[in-house]
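Scroll down for the structure; my scribbles are underneath it.
Going by the order they are written in, the chains are A, B, C and D; count residues from 1 in each one.
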Amino acid sequence: MSGARSERLVDEDAAVALLESGMTIAIGEPTPMALVRQIVRRELRDLVVIASGLALDMLIAAGCVRKTLSYYAGGGFGVPVAPSFRRAAERGDIEVWECDEGILTSGLEAAGKDLPFLPWRGGVGTSLPAVNPDLKLITDPVRGETLLAVPAIRPDVAILHAAQSDAFGNVQHHGGPGWIDLFLQRAATRCIVQVERIVSNEAIRANPWATTIGRADAVVRLPWGAHPWYSRGWHVQDSPFLADYVAAATAAAERDEREALERWLDHWCREPATHTDYLERVGLRRLLALHEY
Amino acid sequence: MSGARSERLVDEDAAVALLESGMTIAIGEPTPMALVRQIVRRELRDLVVIASGLALDMLIAAGCVRKTLSYYAGGGFGVPVAPSFRRAAERGDIEVWECDEGILTSGLEAAGKDLPFLPWRGGVGTSLPAVNPDLKLITDPVRGETLLAVPAIRPDVAILHAAQSDAFGNVQHHGGPGWIDLFLQRAATRCIVQVERIVSNEAIRANPWATTIGRADAVVRLPWGAHPWYSRGWHVQDSPFLADYVAAATAAAERDEREALERWLDHWCREPATHTDYLERVGLRRLLALHEY
Amino acid sequence: MEADMTADCSIAELLACFIARDLNDGEELQVGIALPIPEAAVRLAHLTHGPNMELIFLGARMNVHHLDHLPMPAFGWDNRVVRWTESFSDRGHRFDQVKDWHRRVFFVGGIQVDPHGNTNLIGVGEDYRRLRFRGPGSVGTPTLTTHVGRYYIVLNSHTPRVFVPRCDFISTVGWGEGGADARRQLGLPGGGPKYCITPLCIMDFTEDDKRLRLKSLHPGVTLDAVRARTGFDLVIPDHVPETAAPSAEELRMLRSRVDVTGALRRM
Amino acid sequence: MEADMTADCSIAELLACFIARDLNDGEELQVGIALPIPEAAVRLAHLTHGPNMELIFLGARMNVHHLDHLPMPAFGWDNRVVRWTESFSDRGHRFDQVKDWHRRVFFVGGIQVDPHGNTNLIGVGEDYRRLRFRGPGSVGTPTLTTHVGRYYIVLNSHTPRVFVPRCDFISTVGWGEGGADARRQLGLPGGGPKYCITPLCIMDFTEDDKRLRLKSLHPGVTLDAVRARTGFDLVIPDHVPETAAPSAEELRMLRSRVDVTGALRRM
């Protein structure tokens, strides 16, 4: 009748072009590693990140991070504390906005609701308000209880990894969107989602209840884009690959031996120009072996 | 190995036995009319209700309601204002806790989060805090903005209508759970769900993302249990049936002619001992005619 | 024949076409229940010039620009309206992304409207405990109108009982006590009411004081009639045009692809 | 042969069986990542005496009592753990029904623990801006331990560096400054920590002061060893029993139906 509906499907370059130095970038889980690698490759700087695990550690190792809103930087990939995070935090190279999951989601919810703050109980009695002065103790106006006032957290961009989307940004996760992805999407000014595959609009409408994000600002098809992390419903994590990173990052953090880490970042982040280049380096055999779901 | 998993599937009598005079009962939408009729039939009194439309008006007409947390009592079934609600409110026969949808959901969310209150912006500048002194104007501790502090709303029981459940209380709606059902479920001490059909646990596990309520306290199979209201994915509303009620309730409210209304309540609520008795009165032909989805 | 078609255009049809023309591609259009004129308007706009509009009915979000026609089942209160859904706003929490409502457009009714576009759905009377007329309640309008980019006040009648110098109760804040920064001072991020639309006329708001101003009169309606049926002094510009009639094409689209049962013609 | 089986039981196996026995049917058991002992415990309890237990891993809720065995993939951090899901807690908002957590049981680790069961995952050092050891952060433990019915502190090591008179930072409040009403005074609705479980012993809390008290010593561990490796004075009852060994049946269940790869035996 009068023009056609605009697509929100973009290519890798266009997606990364939405990210800039100095931004607050929120990184979902399952982790959108393809976009994270591009952040390293393009040498974005002074980022404020909401992230954990490999993505957080790699971005710190590559010098991209000024500040992290941090609830957890450990476990998950085989070390008690992510090595680059640990070193940078101990030296004061990065600023840490200390919180927990309930505080973080409260701040994100406040942003989504266009409220300056939300109250939260978890954290009362702990050191969190002492080490993070943004968390104010308040007396609630109804029953006089002591609560934390968590200020709104407003990321510039959320980057997420999901199972599928149509060309119009209707995203559907498999097996749940991870614990924080929807909070990030609702709070962020823009949302970029990398997906395993693009499906028809009809496929979305056939099960609209499964639509987890109704209008992503950009979707980009990046199959295996969460590697070496897992992708829900598609493949498991690549544990030996993660162990390689941890070894290199630990040597850099604990013994100031940065060579292996820089080699790792060069080989896996800086040299491959595209995600497909990266996947070719990983190798099809290795990728397919992760598919025992 | 050691006993079996307990079922949460109960019959109609056992479900209604969980409801008592004086309780705060939250009624979902699509409306669990079969349980609402039983409330009338069993003459529960002094209820505080969260409800709208036919359920609200019928419960007021039958003298069950002391107070209503009310965001909307109109439209929907063919009148600008629900007639029995209007008369009772104007005469002061019921107490009205005036709110809007955003305020109501904020109070329900506060209850689910075990917080004494949540702040909300919608309603600032309106008469709501003046007519409902429970809504306090506060100055937010972060940016000094004026907001409403909405106290937690804690229903004793939520009663809902949904598409299906397994015997263990894993409930799945079709086409969305209505705008408020999940807020009610999260806030209420107990949750009773009437469903169109019972499915196997395997059917639930085949699509766990569709599970909207993970552990209803009781589920009861009441096919066509939302009649004369609609049941998402099953049947449309029975508009002539609703018009009959409206005519009777309007005569009672505006002209003090209660005869038709009492006859209506007798015939459709007080005389049928069970939901099946009710359905027999409605007639299979009429029920099947609503199925053009 | 086309001339005939526009000549017998009903006021409801006129208003639906007026609103439709005022909606922009890319906007998110939310219509509550029992508002047939806005419901027809957003469907018409979507089909005629809104390939990127999104319609929100009963918590379901859809883009159905590609469909041949968008009939109106029971004006929003028929669940079949969700058949075209792409996603549900009630998947999570309905009000958890209000920060993005700046691109949303909404419609409100009212039992009273004051000179600054504040409206009342609560009731009429001095004493809240003894109302002369108990209204339906404010539904989601306080929350929606606080945040949406703009909204329209759409009324079924235009009488001094509706247009009052002061609402007995305010359920949605338009421009408060008046003034271009009235909403900012109250901390309301949304853009406020744009037009007030009645069976007699269309009104907008003055730029400085944000007071209701006559914008156009519907065919056959006199200025005196509007004055007589408004309970306060409207701002009247020197020249008040007639509300622009729909084009034959708009009417054809409305009647053949949206209001196929002729509900608006019978209103 | 069964005697042999219990004789070569590892400490990790002993603790998994101890915890499993302490879990009640009908409870909701949430285990975070990298906690193999609690993970084995909840699976074992579910199979042996918990037909109405619900397990929560990675935001997925399941009841898998009917399955033959519940292997432990990568201790929680392998998404295949959600294969048995009945519902997802992250469908809406993860923390929107904490009011019902009184029937939930949780497990926390810590890099420091003080005499009242307060724990620290933030870091070690006097100055938060220059920590000697930066910890991983508190994950969801402040929120979970505020609300859950009870929780267990489960540690991989028992040294004076872990058991300190005062945590440098507190990420989860156990019993605060002590006293049976310490949590009530802080407004924390949850039941607090029940046991503190280490490779050497099991501790509970005194009823009045809520101070850590030795409850049982693991086989081969002396009282002096525990005293020497605890950085403050534990309350020591007159009689301290040995931690009860698992039954042959429990061990058989654990090894054949839960820890089929022998991960706990190798710890």
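Some points to look at:
In this text, a contact is a pair of C-beta atoms (placed from the backbone, for glycine too) under 8 Å apart; a residue touches a chain by one contact, two chains touch by 3 or more.
The model shown is predicted, which means the values in this text are computed figures rather than measured ones.
Path length between chain A and chain B in the chain contact graph, taken as the least number of steps between touching chains: 1. Look at the CA centroids: the one farthest from the centroid of chain D belongs to C.
Chain centres here are Cα means. That of chain A falls 41 Å from that of chain C. Averaging C-alpha coordinates per chain places the centre of chain B 29 Å away from that of chain C.
Between chain C and chain D, the centres computed from C-alpha atoms are 58 Å apart.
Under the contact definition stated at the top, the residues of chain B that touch 2 or more other chains are 109, 113-114, 120-121, 145, 147, 175-176, 182, 209. Looking at chain D, residues 60, 85, 88, 91-93, 95-96, 147, 189 sit in touch with two or more other chains.
Chain C meets chain B in the complex at residues 32-34, 58-60, 74, 77-80, 82, 85, 88, 90-91, 93-95, 120, 122-123, 128-144, 146-147, 169-173, 176, 186-189.
Every residue of chain B that touches chain A in the complex is listed here, in rising order: 113-121, 136, 138, 140-143, 145, 147, 149, 151-152, 173, 175-176, 209-210. By the touch criterion given at the top, residues 1-6, 109, 111-114, 168, 170, 182, 186-187, 201, 204-205, 208-209, 211-215 of chain A touch chain C in their complex.
Contact residues of chain D toward chain B in the complex are 25, 47-52, 54, 60-61, 63, 65-66, 84-89, 91-92, 95-99, 147, 189.
Against chain C, in their complex, chain B makes its touches with residues 30, 70-76, 80-82, 85-86, 89-90, 92, 98-103, 105-106, 109, 120-128, 130-131, 145-147, 175-180, 182-183, 230, 232, 236-237, 239, 293.
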